[in-house]
Each structure stands twice: as structure tokens, then as C-alpha cells.
């Protein structure tokens, strides 16, 4: 029997990707879709390639008190707007919040699924990590867990495709002509994902992440995140790779590669790629993490989290290989 | 029990997409991969996101006389090089030729699967249509079958993403910097796909396609084909749409849309989108067809054809929704 | 002595390109800039690369009755909004209207500068052609003038970079993630540029353009237009090329090429490229025209027109070679 | 009277951009062009938009002993191939080497023109900086000169458009379909530009650059470089901006901006943009530098250097504003 699934925020990119994954998931059946921008239209109008059996589903205006019976709800709402709304969802509906309001919030598991699956299983409320944290922390976790790098003084230089900035509007500055062939640093020293990353680094290492630096950049491509992370440590490249291979042994979605990873390796999938380059003489470890910002960085990890809290195989509905080229 | 599948030409884009689709197909198991450029390496080195169970498979140098036992072989070889090679494949191995050598060749079914599935079922040798014909003929078939347009004087203005031109080399002119932000018409009045289209138009209509004009263009995007086809006919837009809806009723992969179709609707899928705009006063019908050139235009249709000749459900392994955005 | 120049509509792409060209023009000095979206800011804030001497100029809110003394005004306002506004500009200020309101309007010259320079010289009001007409008509003019094609039954399949659709807003649908890797036909059978093209075809040929078909497409690139035009005629390719070479002999900005032209050949310049492929046996002539939609398709042609009406050398400020790659 | 100019390496991107700049330079006349890949063809065939007066110039095979009389030679040869060849050019021909062989070589000035114009004036041999050093060092020079950052422990995370990787060939991996929508780190801990940057940092600061870290990334865009540089220092953001404004006061090509600079601000120009973000509490200064890798990063700076060694105004032929969008 299939679980009854809802998606709220289906007009946005994260919600749209959740739709794609839910639509071909062996144990999920989409029975409810809600979204501001697209309320009233049928799924098939907004997503011309959606499976025929779903094309007629009407997108509702979001009302947490008028939900149909649901087993799981994926929420992909703008940061700041989901906390109040999701509080009104019945307790028995499991929620994976792709948005930013519940990360490290009370009562919510932090859904870094490849690192801490056991902290997620059995929970009813899971907050998906942000897209930058997903790429960064997946690369850092093995090093921090093994004490191969210092948790202080970590410098994260991150690059994201433009869908990571959300669906652009009039004042968004993400029009095609302005964004194409343009590389843009933004949010220096004050990006909203910093506290989440600092807290996770501290949890993984037991030390302080006080010196954390995070610089995001917008790259003229649709999907993909690469985090290039500069750390202090005396480990060799091989020691880092070995630590990661041990840490992720038996885990389905993290690939440890000898070569520096490329964003296109992950496109359309829930995979994360990590690699390392170290120079002990310079007390330097460079960690690299690649994800699809809408996959492992959003809807892919959300489905993985939903699988974990529903007692399904962790890889259910997530075994599609990346789209290349 | 899974069917044993081989792919030859796995270094190219068509072969790579066949790998992606075969890897998640419920009834196929990849047991053999061959390719010139990548022989000797393991699948996981060339395709970092390939499922773990396939990552260790070694890519062989292509030798039709040293094949393992296979049920189905997908061939994606450069035009001109597959005819001789495939002749040496044992008769009992079913072949879908994604390359150009066997289209309308003796003994080979022409695999326009959405139009003529019954001509493909039960065959052992199927020649996949070219990517431009896939987009064009899917849009034209209902009009030709119903006599709504004249088979003569059809003008096809087609636009393809750059992966449709094959994997570029030194003299290919398809380097990133040269191709990006560039739109290039090529092959005017002499493209290799013309005879195949003319022949199919004639088969569908019973008339002559002598006046066929075909102009392909390279568009700076990776995937996608749009064929904008200018025809002579007195039908209205609604008559054309109705004809297409009847023609493709019950067919899984063709979507008839009121709006002009966009290439991104199909990305990563085996879908085709068709639409029409007509002006009887000007004796004009514009037919539009969209496919992913590596999906319905190559590997997607190839898997569909393999399903048909293997007696599997036509949609097996092909139900993934398009990747958007 | 430099002429005093104003630009209204500087927030848009056409106005911005006019700024770039005016800034390095040997006989123009920008003394006035107006724009809705950017009023109140200095030019240097909106255009970080503007020459230092112009960086401090404050962008005004557009008020045709509070203009400083000007010799020439470039207007790049949305279609529908310039007719009333420009009527209030003092008669002695020469105007080149890049927008669409005055094409074939009474009292305005139609500024197809490479074709009819003598109809522009000495005028005070010039309406710049649309970007699609600029590409299309430059290619067709020699054939129509020589009677090599029939003016009826011309089919224009045109492709434009996304800046041609104007600066996108919330509801524009031209966000990066949605537009990238997407090819979109639009405005079928009803695009606003059709009457202007029909009228010019008729003026050039003396015949009727009643059967004109025009299908524009949005291509995922910033700049560039290619018009692929299908005509009826018995000329050979060489006859068409010869006609164009004669027609444009001594003209600075039109290049007649043996090869099909590519959009990137024109990027950042005021050049137009035209070529032809014909098959007399099929009564077919394919004409191709390439321009930069912001160059010859907008601001470049506007500066050329301004040169003509100000008695300056036609090429003044327009001799920069295209940017490649 | 115009100076007689030659360009060798005109088939590559750097040579092509030198051609564009020389073609519209008020004091230069191109009289000689040489290149491997394009020898024998005329300039107009390889560069369809080249000014008409140059279109007929035949590209020669490069032979330093058969040069015509030249005042200035721009060399844009692959690293490793210019040292021997340029040694045979007559002493009286001034040379600007855009390639990598003569940076910090004996007898050659290091052409970091915005920083050390006085070290270049009056020389006959100038080695252009690499594209990454141009972006990085322009941003760092004011801080190093004022002692605002430590020369040790500088971490450079640099991103370049794909033309920065040179013109791709069969094994280059820079085909469009593979590179598009892909972000690729490469050359970790061993890029060829590192020694040049270390040496310049030491010259500017008087200290050791032993801990320098440099990680280049390929970004899916044609042009542009952004260097995001993480430094140790106790200066505030304003102190850094002030230092840069003083350092570059009166210099034509460097813009100090409050906002983080974007690569598209520089496209097609010789401009560099620098900005800073600092947090004294974390002992952190982030310096950012943006250039067009083919402009200030190659041919633009080469023309600037040629101006300096020929006694021309430094900005001659370089006053074009960036192409936007």
C-alpha cells in the first residue's frame, strides 16, 4: 500500500523537484499539492512532463487546516514562512521541511541523512539541511569525526547554480540575460546558512567553529553546488580519503573520489561526491563536496529523510543515475 | 529474471544515456559495455554517478565475435561504422541500433515506436530513428495520416542542443567557448537525415515528399530538439490538435499540448511534445515537435524499442519525469 | 565640438547598449540619462564599467518637458509608452526611437539604415526597425529589389537571444533557471513585428506580402538573432550572393558570406551577416540574416541612424569589431 | 604615423582578442599575423567580423626570422613554445609576450601594468602576467603595499571562464556538452601560475609567501575571472577600500567598489574591479578581484603594456566600456 503524500510549495524549484521524485517513488502516492503562485491550476499545466495519472491534480491554496489525510508532507516554503504554518499540521502527519525554519529547532531532527541516519529514523519532524551545508558538511564530517582538521578556522568557498537562489522575480536580479556569463559573490560574512554549519561542525568535532568563514557565489548554471573548503590539519590526502571511505562505507549516496569532483556528476541525483587534497607541510587540507542543490541539497535528501522516518529502504525512489551530459 | 544487456559505443553521448536508462531498468542487467575511447577503464571512472553495482564493470574494446551471452545489444556507433560490425553479431542477440546505418535497411524495422509499435514488436533488429526525425515525424504523423497537410512542400526548421552533434573533438568546432552564445545553421539542403524523413513522410501519407526542405541549427544548450515544421494545409489549429490527440490516444510518451512546446519540458525523459498552429486562410499549418535528443531522440526510444521487441511493458524503465529546471 | 546627447530608457537593455556606444563615440557627449527603474542612482552604480567621466551622472526620472538642451535623444521605451512622451520633446531635438511606437508612423523615417540611408539623412525623427526586422529585412532586401524571390509566401523562422525579450520581471518567465537550456517558440501567427516586415517587403518588392509567416523563438543565449527565411524563387545560390554583394557594395556594416552566418560573429557590433542557399529545382531560396539584437537590432542601428541625421560619418563610434569568443 | 604591429598566435583566444583591440587602436596598424592552426587563411575567413581593411591579410606560418618590419609584436603562444622562438626576434622589435614563458625571466619586465607602470615604460620586452595573477594581484597589491595583510597564508580560490583554459582540442575535455552546466576544480596545489603569484606577493610585501594556496576552478561561461582571496589581517573593510582607492588613484583601469564585483562587469574591457570584506575580530580580510581573462587577463593588459613601452597614452585603444548584458 502506498503512503499518501502532500507537497506544499510546489511552485518553487524545491517543490517541483520533490514532485518529480515522489511521482516515481515506489511507495509514495501524491494526493495533495499546494502552492501560492500556481494555486488553481492543474499539475499538468505547470509541469507538462508529469506522469499522466497526476496531470489532473489541482494545486490548492495552502491551508494547513484543510489538509486531506496524509502520511507525509514535504514543505518547501520560503524561509520565515513555514514555522507558523507547519505548527498547525496535525501531529500524525510526518513532515520533512525543505525550508530553513526548523534547522536545529526544538522537536525537529536535523536531517543530514548520510551522516546521522540514526538520529532521523523514527522521528516525525525532520528539518532538511540547507543546500550549502549539505555539500559542505558531507565533505567535512569524516575529517571532523576523526580529528583530522581543526574545527576553528574553516574557510568555505561555495559555488551554487542559480536555482539555488530560488525562483527569481522582478527584483531578484536573476534574469537570464543578467545572470548568464556572470559569476557573483554575495552574502559575504553574513549568509543565513552559517549558524547551521557552525553548529554541525561543533557537534561533529566537539570543538569551536568560531572562526568559520563562508562565501557563497552564484555560478551561471542551473543546478549544482561545489564547496571548496580550506582547513587546517596535518593529515595527508590519503588519510583524508581513507577517513571518508570508512565513514561512508555501506552508505548509498556518498562517493569518495580521487579526482576533484565536478558538479555535473551529481545532476538530477541524490548523490554527493567528496574528495580531498592535503599538504601537511603547509598544515592544509582542502575538502571538496559536490551535490545537486535540488537533489541532495533539497528534494533528494528530503525523500531520503522521508524514507528514513517512514521505515522504507533509504534508497527507495532515489536510485536514478545522474543525467549526463 | 533480468535480461542480459550490452551497450557498444558507451563513450559517446547516446551510449552514455543508454547506460543511465539500462542501469535503472527493472528487467535489464548490464553485463557488457564496449567503447573505443574508454576501453580498459571501469564504468565508475567514466561515469562517476553510475550505480555502485556497475561501477567495476570494465569497458571492453568492441569485438562482435567476442561478445558474452546477451539478450539485447544497444549499438551507438558513428554512422558508417555499425553496418559491418553488427552483421557479425549472432542472430539470436536482439539489436537496437541507435546509429544511422540501418534506417530503412533490409531486415531492420524502423523504430518510430510511438507511431508504429506493431511494426516493431516481435522483430530482432530495430533501427532507431535519427534525433531530428524523431521530433519531426512525431509531430507530422497524425496530420499526414489524416490527410490534413500535403506531403509535398514541407519545410522543417529544426534546432538541436549541441550533444546532438556528437562528442566534439579537435576539429569539431564544438568547444565550449566557440559554441556558447552561438547559434549555427548547418548542413543546408544536404543533411543526412533528409532521406529518412522523406521516406517516412511518404509511407505515412502515400504521397510524394519531393519538395522536403530541412535546415538544422545548433543551439547553445546541451540537450533538446525542437522542430518547427511549415506545411500546406487547410486544417484549423483545433483540427490538428484533435487529430494528434486521437492518433496518440493511449500512447504513453507523446503529449499533445495547446501551447507551443519548449525543449526543457522533455529533458532527461522519453517524452515527445507536439502542438500545432494553423491558419486556413493562408493554407498554412505549423507543426511543432519537441524531444530530448538523447531521450526520445536516441537512448530513450532505443529502450522503448527494446521493450517492444522483448515483450516487456513499453514504458518499463522509462517512467522518470523530466528534470526541471 | 561634441553633440549633446540624451538617452531615455537607460534601465533597459537597449538603453544600456546605447550608453555603451555613446560613451565611446567621438562626436557625442552624454549629458542626460533618464529611466524608470534606475532614476536617482548614478550611472556608475548601474553600470560599474562606464567611463569614469560619466560615472557621476545622475539618472533622472523621464520628463520630456524638463530636458536639458540636447542635440540628439535616443529613446528606448516600452512599446506603447513612447508615442505620447516623445510628442512633447522639442522639435529641434533630433530623436531616434529604438522602441516600437513610430515605425511607419507619420513624420518618422523608417531607419533601416543599411538599405535606405538616403531616406534617413536630413530627417529629425527616425524610428529604428525592430530587432527581428533588422535581421530579416537585411537578408531579404537584395532579393526583393532584384525580383529573385516572390514577396508572397515568405516564411520567417527567427531565433533570438533572451535579451531580445526585454528585461525580465516577476511574471516574465525569463528567469535564468527556467530559460537556461530551454528553447521556446512564441507569438505564433501574431507577433507585433509582422506588420512592419510585411510593409517593408511590399515597399522593397512592389508586390503583396499577404502570405507572410513569422515564428520567433527564444534561444538560451544573451544576445544574437538569426532569421532563417524560406522563400519561393528560381535563383541560384550564387545569384543570390551576387545580388547581395552588389546591393551592399560600399556599405560598411553588412557582410555577405558564403557560409551560413552564426550569431556570435556579430556580438557586440553593429554588423549584419547575410547568406543564401538556393535550390532552383525546388523553387526554393533560403535567406539567412544575423545581427546582434542589441547592436544592429537596437542601439547600434540607432547610433548609425543618429550619425546619418547629424551629418556625421555613418561609421562614427561603430567600428569596434565583434567580441569573440 | 601608425606603429607597425604583428600578432603571433592569432588562432588562439588571446591572439584573437589582441586582433580585436589592435584593429581599433588609434596608433597601431596590423601588418603581420601568424598562427599554426590558421596559417594560409585570410583574417576575414577566421574572423568574419574583422574590419574590412584587414580582412584580406593572409595569416602566415610563424617564422621569427622572416618577419616584416615591425614596431611591436604581440606573442600569444602556448607556454613552453615562446622562449626559443622569441629569442630570434630582432632586438629592435618591441615584444609583449602574453604567454607564460617570460614571466620573471631575465631581461623581461613583468607587466603588471596597473601596479608598476614605471617598471614597464621604456622597456623592449614585457611579459604579461597570467590571467589568474592579473585578477588576484590587482586585488592584493594595495593591501600588501600597506601591510594590511600577512603575505603568508594567503588562500586564493579562483574561478575562470572556459576560454581561460585555452582553445580546446580532442583531449581537452572542454567540449560544450561536457563543460556546460559543470563546475570543475583543477590543478590543486600545483597550478603553473603559483610561482608567479608568490614572487609578486613577496616583491610587494617584502615578506614570504610560503604558505600560498591557489585553487582554480572552471566555470561554465566563456569569459571572466573572479579571485576570492582569504587573508589574515586586522584591517577593517573600510581601511582596505581606502588603501585600494589611494593605491589606484588616477589609474584608469582599476575600479574599487563597495559591492562584491561580478565578472560580467568587465566583459570585453581592460577593466579590473576590486573589493574587500574584512572582519578584524576573526583576523580575516577577503579580497576580491575581477577581470576579463582575455582583457586585463591577456590581450587588454598586453595592449596597455604596449602603450607603455611605445610611449603612447596608457589608455589608447582601451577605452571601450564593457559589453553588458
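Per-chain numbering from 1; labels A, B, C and D assigned in written order.
Methods note: contacts are C-beta pairs under 8 Å (C-beta built on N, C-alpha and C of every residue); 3 or more make two chains touch, one makes a residue touch a chain.
These figures come from a predicted structure and were not determined experimentally.
Chains touching both chain A and chain C: B, D. The chain with its Cα centroid farthest from the Cα centroid of chain A is C. A count of contacting C-beta pairs for A-D and for C-D identifies A-D as the more extensively joined pair.
Repeating the A-C interface, with the same residue numbers in over half of the contact pairs, is the pair B-D out of B-C, A-B or B-D. Centre to centre, using the average C-alpha position, chain C and chain D are separated by 33 Å.
As a whole-number value, the distance joining the C-alpha centres of chain A and chain D reads 38 Å. In chain A, the positions touching at least two other chains are 13, 161, 163, 177-178, 180-181, 220-223, 261, 267, 325.
Residues of chain D touching chain B in their complex: 13, 161-163, 167-172, 174-181, 220-222. Only residues 13, 16, 19-20, 23-24, 47-52, 163, 181, 222-223, 252, 255, 257, 261, 265-269, 271, 273, 319-325 of chain A touch chain B when the two sit together in their complex.
Residues of chain C touching chain B in their complex: 155, 157, 159, 161, 177-178, 180-186, 188-189, 210-211, 213, 215, 217, 219-224, 226, 228, 230, 260-264, 267, 277, 279, 282, 284, 286, 288, 325.
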